[in-house]
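One chain, chain A, appears in both complexes that follow, with chain B as partner in the first and chain C in the second.
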Partner chain A sequence: MATNHQQIQLQLDEKKDKQRKIFKIVGLSVIYIVLTIWAILTFVPLIWMFISSIKDTTSITQVPPQLIPDQPTLDAYRRVFDVGGFARWFLNSVIVSTILTISNVVLASLAGYAFAKLKFPGRNTIFWILLGSMMIPGQITLIPLYILIVNTFQMADTYLALVIPTLVTTANIFLARQFMASLPSTLIDAARIDACSEPKIFWKVILPMAKPGLAVLGIFTFVANWNNFFWPFLVTSSNEMRTLQVGLTSFRYQYTADYGAMMAGAVLTAIPMFIVFLALQKYFLKGITIGAVKG
Partner chain B sequence: MSEVRFVNVSKEFEDDNKGKFTAVNDATFTIEDKEFMVFVGPSGCGKTTSLRMIAGLERQTSGDIYIGDRTVNKAHPKDRDIAMVFQDYALYPHMTIRENMSFGLKNLKRPKEEIEKKVSEAAQILSLENLLDRKPRELSGGQRQRVAVGRAIVRNPKVFLFDEPLSNLDAKLRVQMRMELSELHKRLGATIVYVTHDQVEAMTLGTRIVVMNQGEIQQIDTPEELYKNPKNMFVAGFIGSPPMNFVRGRLDGNIVQTVEHALVVPEDKLLKYAEYQGKEVVLGIRPEDVINIEHLPDAPAQNVIEPVIKIVEHLGSEFLVYFGIGEETIVGKISSDYHMEVFKKHQLYINMEKMTLFDPQTQMRIG
Partner chain C sequence: MLASHHSSKMNKKRFTWENTVQFFKDYGWCYAFILVPVILFVLFTVYPLVMAFIYSFQKYSVLGSEWIGLDNYRSLMDSPVFWKAMKNTLIYTVATVPVNILITLFLALMIFPLNNKSQTFFKAAFYLPGVTSGITMSLIWLWIFDPTGAGLLNAVFDFLGLDSVMWLANPDTALFSLILMTYLGAHGAGILLYLAAMGGIPKSLYEAADIDSASWWSKLKNITWPLLKPTTLYLLVMGVIASFQVFEQAYVMTMGGPNLATTTVAYLIYEHAFLSFEFGLAAAESFVLGFIIIIISVIQFKFMSSDIEY
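Showing the complex of A and B:
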């Protein structure tokens, strides 16, 4: 009797195990299918951009569209460089993004450290005001900012106009404060007892520990400024001062548009971002979790 | 001379939740040269704040602090000739052990040879020679603790400050480090100020102990005096494990009358209790002064009670037995040579020779 009972029990257990396995497989399959569709949806525009960039001018607007061009050509790329200015736009983008990355890393880390670790009157009030300013939509500040930079300071069409408004952003100060707050305060106390001056504490103790956080901040800032279109579009007018994103609009004429060149330009613009992303993937992931509550 | 002196020192904090509160209230004391002074008390009693004020990491709201013969009220930590070991060790994670230990001396711009010599000496004292080129994350808790001590030693300061340095270690390592710290004190001959919430650590390490509660100094004394002659019920309840038992009663003649028992006070003690005749008192009895009558065949008939034992905890060489007197639960520490049974009556002798009486209103010791 006992053996029979045990056998039945074993069979029941096996059945349950099988059911569990099936549920697991079905569950995983659903997740993979959803993620695959998501990946395809994300990837299609990029692939379309690349395919369009190697089509000739007639096949690019053909209906129905060619998924794989009959005669792939690099003509569009040639036109990008022939029109003139691409190299300069690229340089402008590099200059603006680099300056803003450096300034944001330096200023946001200093401000973040002060808000997280130093005691001074009004610290919380100032921080809350800064946080409050993050809630004002960019569209509201755009016109006053434009008037300030272009009319009052007469900076239109200069590098200063491109960089001054975002030398340091509130979002970056907030991000820096969050990871600075996670560093143990006793290290600062220990450094004070170790006869370290306040600037040296920041330089020798805080900065080395804040490196991963600052890397995230730097990468995000670089990518955001590289992809920025609207502000450079507003404050630049000459061909020499355009950044890549603004430059790409030059391929749109009054009645026509050179879509091939636009796509080729977009591919060339995106390449540095791909490299940055692939090289620094782990920091991107870290960036998503900074400020998140640990479980 | 490296004595530390507090004169009417107070520290107030502004806290978002608590509002304004006093962490240390009007503290006056002297830590003698070469003394091992331990600050002990529950969380938030002001012991760490006192230590941080000596270090210069917090500025006192009022009063004066002296290290040696000069005031250090406004002195920067680096100018106080102190070194500190933190609870979490506070080792710089990006520096090697050698760099951690030499960081302070480098900042003080000492010659390179001197720095190397001092680091290797400290490493030798603490058996850290083989770890000097490692990073803190590669070390165990005990090794990190040693590095933190080493970093303090190389400074050769007048005063060492320890902020609960053993609380992150496991029980076995804590006992070992306790011994090492005690030896280190003898070897260095320096003044040590040590903060802990663990009264065992305080009793074993301190030449004197400052007991604090809610920002107030309760008593400053040697471990033995604190144990035998606590100034008030807080100290009596805080020092000793398990703590002293308190039973309410009335002093009538030579008797302390509790709810259930009449306990006889020794003649020689009666004089100092004269003022409290006929008044309410709190009787304090240490757990080891509750003795199984079987241990004392010649015990006097008086002061023997026969309670029902509620709980017996086995500690190996002894039992902790719990029983009630009125509404109070009393604990006795009794040798495990004789069997004790739960829910049975046992004859227990209360050693009134070592009792203490407290005023129930002021909670201060009587006499």
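Showing the complex of A and C:
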């Protein structure tokens, strides 16, 4: 009787196990299907941009639209360059983003190191003031900043105006401090006992350890500035000084009907960032959690 | 060298030549490391902040501004356009931020149980669209929302047998269109934060729940959701701050129209400052906006962090 009971229990368990397995497989399949559908949906705008950019001027306005163009052409890309300035905008974006990436990495890492590892009078006060200022929305400082740069300093339409307000951002100093704080202090102390000068300690001890963090900081800064619109839009007036994002919006009004050229311009603007992302994927996927709140 | 705190304490007591020299020997490099950022901060954050405050009480003019007291603020309070912009911004924020956080959480919950390879794939897939600029996305969606049948969304509607919609050209649907595009936007960054937080939840909690044969839903409600609160709070605060400053979409896609339907506060500030050059009025608007953002952030912190323990 007892053994019989046990057997039934065993059979029940087996059945439950089997059920659980099926449940798991079904669950996982549902997960994969939903995730894939949602991923495709978020890619639809980008795919539509590519498809639209290789259509000719008549097929792009066709109703219903062709999902796969029957006569793909690079004509829209030629029109992008015909309008003049696109190559220059591209160059400007490269210059501005590169300068700002270098200056942010250098200045933020030095300051971040000082705030994280050095002790000096006023350190915490200064740091908290910087941190607190991150609460202030950009719109507030924007107008006086514009007046300062454009009217007082007379810098309108120069590279200097494009880069100077964000040579180092508070957010980057904070990020640098976060990962500098996690570096071991023992090596720094050892170097100090060996009477290394502070710049030498930074160069020889800190930088090699901080490289991954600084790479993340640099990459994020580059992408953010490549995509930045508002400030370059305010301080540039000539066609030659526009960055890509500013130039791209001028397409909106130059080509009210030419969506093909607009999409081709968008593709050319977005592709460098796709390449950066695909090449440096691991930094993007690991980097975001460095400076964020612990959770 | 930096450890000689003794001399610095002496320095505080008496300012002599030797003490000053010693102070610089001790701390010179520290201040050198932060010198440029601090100068930039004073010049490009502190000074503008003070000036914005001053401008907000002035009628600005290049030749000489005139003090007008609270007139800028008063005219804002009386302006139906400002309240309309405020309402639009609030609707936009309420309709985008919580929904997008839920979408992010939902996607993260589904990615979490997968194997490493699939996790990386989906993380990358959801992150990738996020490296495109707001301007690029706005141009693409402008084309997707095209009122003719050539616009992708209307083509889908035609296919489903629905009537075409004017989307951005109709005051009733314009703001909704801007909201809609955020749902299909990039949730990658938030997903990564949620996944990192989920990885930090002790497994023992789930094992204990399994012994009590708790359901999937009850585990989510009683373990996962409470322990993810700091991340949710972070995304909420950041999301609200960002959506209160939404500008690019309104500028590129609708110019604040039609009929003010997509005029946000940030767009109104831009209009007043850089189209009609009423810097004083725009400064007052920016202070009201900043004040509201800070208040909302504080409330969220108070409200959300009250029951976080761990």
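Here is the rule we use: the second predicted complex is superposed on the first by the 273 of 295 C-alpha atoms of A that agree within 3 Å, B and C clash if a C-alpha of one lies under 4 Å from a C-alpha of the other, contacts with A are read in each partner's own complex, and residues count from 1 in each chain.
The rule we apply is simple: a contact is a pair of C-beta atoms (placed from the backbone, for glycine too) under 8 Å apart; a residue touches a chain by one contact, two chains touch by 3 or more.
Small disclaimer: the values here were computed from a predicted structure and weren't measured.
*Asks:* Touching A:Thr73, do we find chain B (first), chain C (second), both, or neither?
*Replies:* In the superposition, A:Thr73 contacts neither chain B nor chain C.
*Asks:* Regarding the shared-chain residue A:Leu142, is it in contact with chain B (first), chain C (second), both, or neither?
*Replies:* Touch partner of A:Leu142: chain C, not chain B.
*Asks:* Touching A:Leu187, do we find chain B (first), chain C (second), both, or neither?
*Replies:* Touch status of A:Leu187: first partner only.
*Asks:* More residues of chain A are touched by which chain, chain B or chain C?
*Replies:* Chain A has more residues touched by C than by the other partner.
*Asks:* Does the superposition put A:Thr158 against chain B (first), chain C (second), both, or neither?
*Replies:* After superposing on A, A:Thr158 lies clear of both chain B and chain C.
*Asks:* Quick check for you: in the superposed arrangement, does A:Val205 touch first (chain B), second (chain C), both or neither?
*Replies:* Touch status of A:Val205: first partner only.
*Asks:* Does chain B (first) or chain C (second) touch A:Ile126, or do both, or does neither?
*Replies:* The answer is second: A:Ile126 touches chain C but not chain B.
*Asks:* Shared contact residues on chain A for chain B and chain C?
*Replies:* Overlap of chain B and chain C footprints on chain A: residues 192, 195, 197.
*Asks:* Contact residues on chain C for chain A in the complex?
*Replies:* 1-3, 8, 26-27, 29-31, 33-34, 36-38, 40-41, 43-49, 51-52, 55, 62, 107, 110-111, 113-114, 118, 120, 122-129, 131-137, 139-144, 146, 148-150, 152, 155, 158-159, 181, 184-187, 189, 192-193, 196-197, 200, 228-231, 233-234, 241, 244-245, 247-248, 251-252, 266, 269, 273-274, 279, 282-283, 285-287, 289-290, 293-294, 297
*Asks:* Considering the complex alone, what residue numbers of chain B touch chain A?
*Replies:* 52, 55-57, 76-78, 82-84, 86-88, 90-94, 103-104, 107-108, 151
*Asks:* Give the list of chain A residues in touch with chain C in this complex.
*Replies:* Checking each residue of chain A against chain C gives 28, 31-32, 34-35, 38-39, 41-46, 48-49, 52, 60-65, 107-108, 110-111, 113-115, 118-121, 123, 126, 130, 133, 135-148, 151, 164-165, 167-168, 170, 173, 192, 195, 197-199, 202, 223, 226-230, 234, 245, 248-249, 251-252, 259, 262-263, 265-266, 269-270, 273-274, 276-277, 281, 284-285, 288-289, 292-295.
*Asks:* Going by the contact rule at the top, pick out the chain A residues touching chain B in the complex.
*Replies:* Counting only chain A, the residues touching chain B are 184, 186-187, 189-197, 200, 205, 208-209.
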